[in-house]
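Shared between the two complexes below is chain A, which pairs with chain B and chain C, respectively.
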Partner chain A sequence: MSADSATHDDHTPSLWDWKRWVYSTNHKDIGTMYLIFAIFAGVIGGAMSGMIRLELAEPGLQVFNDSFKLFGMLEMGDSHNYNVMVTMHGLIMIFFMVMPAMIGGFGNWFVPLQIGAPDMAFPRMNNISFWLLPAAFGLAFMSMFVGGPAGGEGFGGGWVLYPPLSGLTGHPGPAMDLLILSLHLAGISSILGAINFITTIFNMRAPGMTMHKMPLFVWSILVTVFLLLLSLPVLAGALTMLLTDRNFGTSFFEPAGGGDPIMFQHLFWFFGHPEVYILILPGFGIISHIVSTFSKKPVFGYLGMAYAMVSIGVIGFLVWAHHMYTVGMPVDLKAYFVAATMVIAVPTGIKIFSWIATMWGGSITYRTPMMWAIGFIFLFTVGGVTGVVLANAGVDAALHDTYYVVAHFHYVLSLGAVFAIFAGWYFWFEKIFGVKYNSLLARLQFLFFFVGANVIFFPQHFLGLNGMQRRVPDYADGFANWNEISSWGYAIMGVGMIIFFLILIEAMMSRRKGEANPWGEGATTLEWTLSSPPPFHQFSTLPKIK
Partner chain B sequence: MSAHAANHDYHLVDPSPWPIVGSIGAFLLAVGAVAYMTAGGLFAEGPLAFFYGDGVEGDARGTSMGMMIGFAIVIWTMFGWWGDMIKESNAGLHTPVVDLGMRYGMILFIASEVMFFVAWFWSFFEYAIFHEVRLDPGMAMFPPTGVETFDPWHIPLMNTLVLLLSGTTVTWAHHALQHDDRKGAKLGLLVTVILGVCFTALQGVEYAEAGFEFALADGGNIYGSTFYMATGFHGAHVIIGTIFLFICLLRLQFGGMSAKKHFGLEAAAWYWHFVDVVWLFLFSFVYVIYQG
Partner chain C sequence: MRFLAAIALTWITATTAAMANTGIPTDGALGFQHAVTPIMERIVEFHDLLLWIIVPITLFVTALLAYVMVRYRAKANPVPSKNSHNTLLEVIWTGLPVLILMVISFYSFPLLYMSDEIPETDFTIKATGYQWYWGYEYPDHGVEQYLSNMIPEDEIVDGQERLLSVDYPLVVPLNATVRLQVTAADVIHNWAMPSFGSKIDAVPGRLNEIWFQVTELGTYYGQCSELCGRLHGYMPIEVRVVSQDVFDAWIAAEPGTDDANAILAQNTADRATRLAQLD
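Moving on, here comes the complex of A and B:
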């Protein structure tokens, strides 16, 4: 090794050295930047959902009309802007909050630590995966302020970007083009990240750590990044077709030239369905660790848990058209997609039951991460069973594009993925930052989140069953009561979010020194053998796994 | 070496400016591309109005300046970044395990490229196989009425032979280098690069003679869209692969790579074979099976 790199192994650079972050090739620093970026994007995406809930609090157009000014200054515009909010809320939460937090943040931090590696396989490429995200976010953010539909700004066609609404007829302005290129950059970021994780996991496991001894979080990231690697390029193709249809006169989704907008839906959901598993799989890994740690038992059925994730990943590629039951596909095709979708309930059930079996007979302590994890298991199960309902093509004909669907995917994402993120956050906070958080406040945040999220989303099942449509800013008076309750739920969750920031500030100010392993004998993975925070470069001598 | 010196063979890369520089380039490239494509629809007014078209209202395209700047930065990043990698390799930092990692990386990158082409083939097969449901009667067959397809046994067959031959010459170059025959390696690469350029030139001739249009406004339809985009992206990959091989040739010329260590050349060869296989699929399906 050259003398140059030997010196930089020696000491930890100062926190205030801007090059440490901007030029970083350190997986922990890059992971921290991802986490900060995810918080930042989550606040913006969360504020957008606030606009949505404010509008839906009562029938009529209160917020998105020409006279309303938020805080007396911010004009919210017409109901097109409501759709822009819905669209951007979805895209931001998926691409700029959950994915950066789970894969970029926790993945970067703990995959190398848990497999006993000193860093990622491609530390420099790791950094461009991160820095492409602010670029992509910038493009998406800009798109809200440039021409979209005739006379409006921003793209309001939903995160699924279906043509013809996303074509020249729906949104002739440059907003859609910016959004397409934003997703291209986010996609490149994720593909490079995926290559990095797979190479790291295959090539850099500590001596003795066979695939079948790998921690479940590493397994979950491995499956996730394979889904990213294989599904995102298909989205890139679909987005490029959209771009050339808009700007270079091709006919991919243009019936006048023999094209078909349904083709876009197939390509989009071939990416989109694996994408929703990308959002939740790392959460499965996090929850497995927490449940096992605080039950002081190894995970029940380790191999079954690992291969359940693998089979969820594989089957996830074969079910995409269940998002498209109402496009007029043949009944045989629907029958296939119903059956294939139901099959996914089997490995998912294996996971749920194995978590419960892990707790069964365990010596359980209800520390903060465990509360979030148990909350996750309950809420994800609710979202899972409504998923089985929606998997039926006949039932979906009535529920398609209603609030039942909105409730379903928020139960698995807003309450599943996000609870898993917070579970991981409070599980690893001390390891990452080297200080302790106030666990009373963190439990309080959990309480507000658990109550708030359920108050927001549980009534939406009723609204959907009664036929309330998604992506419409106004609704019939009969839906008023449950909508009002749902909006109050947002306020409760908002308090939880404020507590979250109080926890950060409190932890930063009181600086209680973190322990290497605050969780005791249940925490068995390699990250707990290191100090908190770990040294700038860990495992200079590789650990040996028996 | 200090007391904390690493006791493993992994490569802990020094901090590098290239990721952020490349991201800024990509951002400018994207904004510039939108300004170009939408002819001043972006920033027609305000401080960024210089992105506005070349000044003529109703121009089909805006200025390409932003795009060019962004592209230049991306190219600069590639030279800087990969130049650093060559330096690191020469410094002996690419140990066997690091080398293996790069092999994983290249295979996975090619896997993602394969999935990118899946999208274009999917689109092609959708319209080729399920054409009878199209509303416009002219589209209810494939290729659609009025589309004059190529005779696959002329230029396309020629191109197939050119690419297959180039696959053998790149293997020749690789084997020569393995036996430390640098002259042979350079000759093999030179022939490969020339064959790559020939392929691109022949493809250009073919495009010029095509009996169907690309854009809807010019009377084009879904055939032109799928044909030009699928073969066009393949062509772009041929050009990238040719450049990749040409860089390897330059490195050989200036004393880089050795009989033992030449993963750059191997990666270029893998990429070249991938491009070759995509062409075989294009040739079989787009040119032969679905000819008019």
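Moving on, here comes the complex of A and C:
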């Protein structure tokens, strides 16, 4: 048996064998595919935001009019197409970029490695989880080219999909149906993934690794997948009701038939609010590892950190209607959601202060991942405090659906989650690919991202306070200045994105052999005990945790 | 710090001074539009308080971060400490945010209830959202619904605002307490007026209510604030706040007609003359 498994371990299939990928049941290969898919989707979603910022660079309709052609050939259509861009940018970034990168990519790669497991609990289910995603993406992409509203193509009702705009009244064409099916597939993919992670984490930890010795990244994934498992079915239910409203004459959300469009909003945000924590929680885990590694200190207040994430997850289910302060809710209900929402600031504050306390007394080296992590802490703080402002329903009357909200959630997602993803990417790059990246270029990318993202999103606070509403292709002339600056920020961030690809190409061409542990004594989790890249199958004898 | 505050103050003063028209976005502005209702005044006050809380917190975290980055860099501190617990510290950074949040709630809830509870009103207006224009009715004055459409860019004349001006505006008397009922006929829209602190969804099958009392004469602009399809960015809201007698004349001239608009135009012209005489 042992001799047999040794020869099996040595056998790594060729990179160019298509069966290795399509039929893959290996958590590392599947993780890599998730990461590549996330980069691919991120480029498309990022290009869409480019068109948005290009349109908003100055007042008037420059891009989404009937005469403009992108690169001299791509017709951009009218303001409905702008709405489609906004919608698809949101959906792609959430479902096809951040989630696959964090949970599918890093989760698949490092949950088994960090708990000392040979693979995920259900390797074949892992395969289908991944392959449902390209299918879902294909459906979403197709939806942009079939009929939506009268005289237009694609769905332009925002990622929140509110009926009646997403119903037959607003979008009678098949675009919305394709989008519903796409989200169903993406949802199934995530639910299967969630079941897989929960089973793996509960049953496959190496001997001696109790729950309270589990690395924080594993904790963060565990909380995240519980949120997925509990919230996605609610979205699936709402989407199915919408589908039958559209196609089979039901009227769940149709006032004329006794339905209520606000009901959809409650169901959507019961999923949607946990969803935004799903996007950021794995980032919390990644940041904890990086801060501890480069401070050469254990994480400050480990248990507090783990249970802060658990409590953020639990409270995350109790605050959904703070997205709906303007729908005409009873005032006492609003008051409840104000109070519940503000409570979240407490565990979030614990996390920020614990990261700083981890650095306190440390011996900090500023390697590339650490720079991204510190950038994350700063930006997340800014996004956090504006969240406290928005929590207050009284002020929300002035800020709801303005660029203040756009600035807020991009600070926690586009800056928070994306910075955490890049932090993780440069933390584990060598482990995943077995080659070193050029750290000078990676720091340069950080610089462009940090400056660019702030230039894009900080002025949007001012736009929102001054009343600029979301999701419009054109704006009153009084909003011109800050919009122009915001668009310049995009150009800066775009340079950062080009540098990102240069780093990839440079690393793949020069093939500097990766070390098992490039970070030294601070890197204490199990993945650093393995070679870089790890063997195709690892831990055939389980490690013992003291 | 004081230097930065001075710059910010100069900027705010400059942009405020540049506002010829009060109810309109201003280039380079850093804050809210001018507040002209009791609700919006309270919102501005409360938001100022919040700024005094969130800006120091952000600066504090940034300073702390900068301090540990410099003080505990590997060169300055080659041997890391192994501390990973400090119960007192953990109690403080859990307890202090709770206290701050209690301070915030102490001001937040009264504002919420004050803006939500409708006082005794002088009359009611009904607004209906359509793709992509608004309809207004004054049931107490027997005024049937008239439609309010954006003036297209190529028909804008002097004194009108691109994307903001409409053909037949909403008109309310100065200091009147108005109940606004909002609904929609097709998809969800949102009736929003930044200077009033008003923002309420117009939902088909529902009748939502808000109230406002405008304390300054003028023209105020807002826009539909819930994505409602292709021309979502092109269904503005224009409110003229006039004296009671102008309002009465406007009602008598049948709102939604050129006659009624002529009264508003006359009023604007009169005001301009009066203001010119004052100078």
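The definition used in the following text is that the second predicted complex is superposed on the first by the 536 of 546 C-alpha atoms of A that agree within 3 Å, B and C clash if a C-alpha of one lies under 4 Å from a C-alpha of the other, contacts with A are read in each partner's own complex, and residues count from 1 in each chain.
The definition used in the following text is that a residue touches a chain if its C-beta (ideal position, glycine included) is under 8 Å from a C-beta of that chain, and two chains touch if they have at least 3 such contacts.
The structure presented is a predicted model; accordingly, all values stated were derived computationally and were not measured.
Judged by the touch definition given at the top, the superposed model places A:D260 against both chain B and chain C.
Residue contacts after overlaying the shared chain place A:N481 against chain C, while chain B stays out of touching range.
Look at A:P473: by the touch rule set out above, it reaches chain C but stays clear of chain B. In the superposition on chain A, A:S295 makes contact with chain C only, while chain B stays out of contact range.
Shared contact residues of chain A with chain B and chain C: 255-256, 260. Across the complex, chain C is touched by residues 59, 78-80, 83, 149, 152, 156-158, 162, 164-165, 169-170, 255-256, 260-262, 295-302, 304, 326-328, 331, 334-335, 338-339, 342-343, 345-346, 349-350, 352-353, 356-366, 374, 377-378, 381-382, 385-386, 388-389, 392-395, 397-398, 400-402, 462, 465-482 of chain A. Chain contact summary for the complex, chain C toward chain A: residues 24-33, 39-40, 42-43, 46-47, 50, 53-54, 57-58, 61-62, 64-65, 68-69, 72-74, 77-86, 89-90, 93-94, 97-98, 101, 104-105, 108-109, 111-117, 161-164, 186-188, 190, 192, 194, 197-201, 203-206, 208-209, 221-234. For chain A in complex with chain B, the touching residues are 1-10, 19-20, 22-25, 117-119, 121-125, 127-128, 130-132, 134-135, 138-139, 142, 146-147, 173-174, 177-178, 181-182, 184-185, 188, 191, 194-196, 198-199, 202-204, 229-234, 236-238, 240-241, 244, 246-252, 254-260, 263, 266-267, 270, 537, 539-542. Residues 1-2, 4-8, 10, 12-20, 22-24, 26-27, 30-31, 33-35, 37-38, 41-43, 81, 91, 93, 97, 100-101, 104-105, 108-109, 111-120, 122-123, 126-127, 131, 134-136, 138-139, 144, 214-218, 220-226, 228-229 of chain B are the ones that touch chain A when the two sit in their complex.
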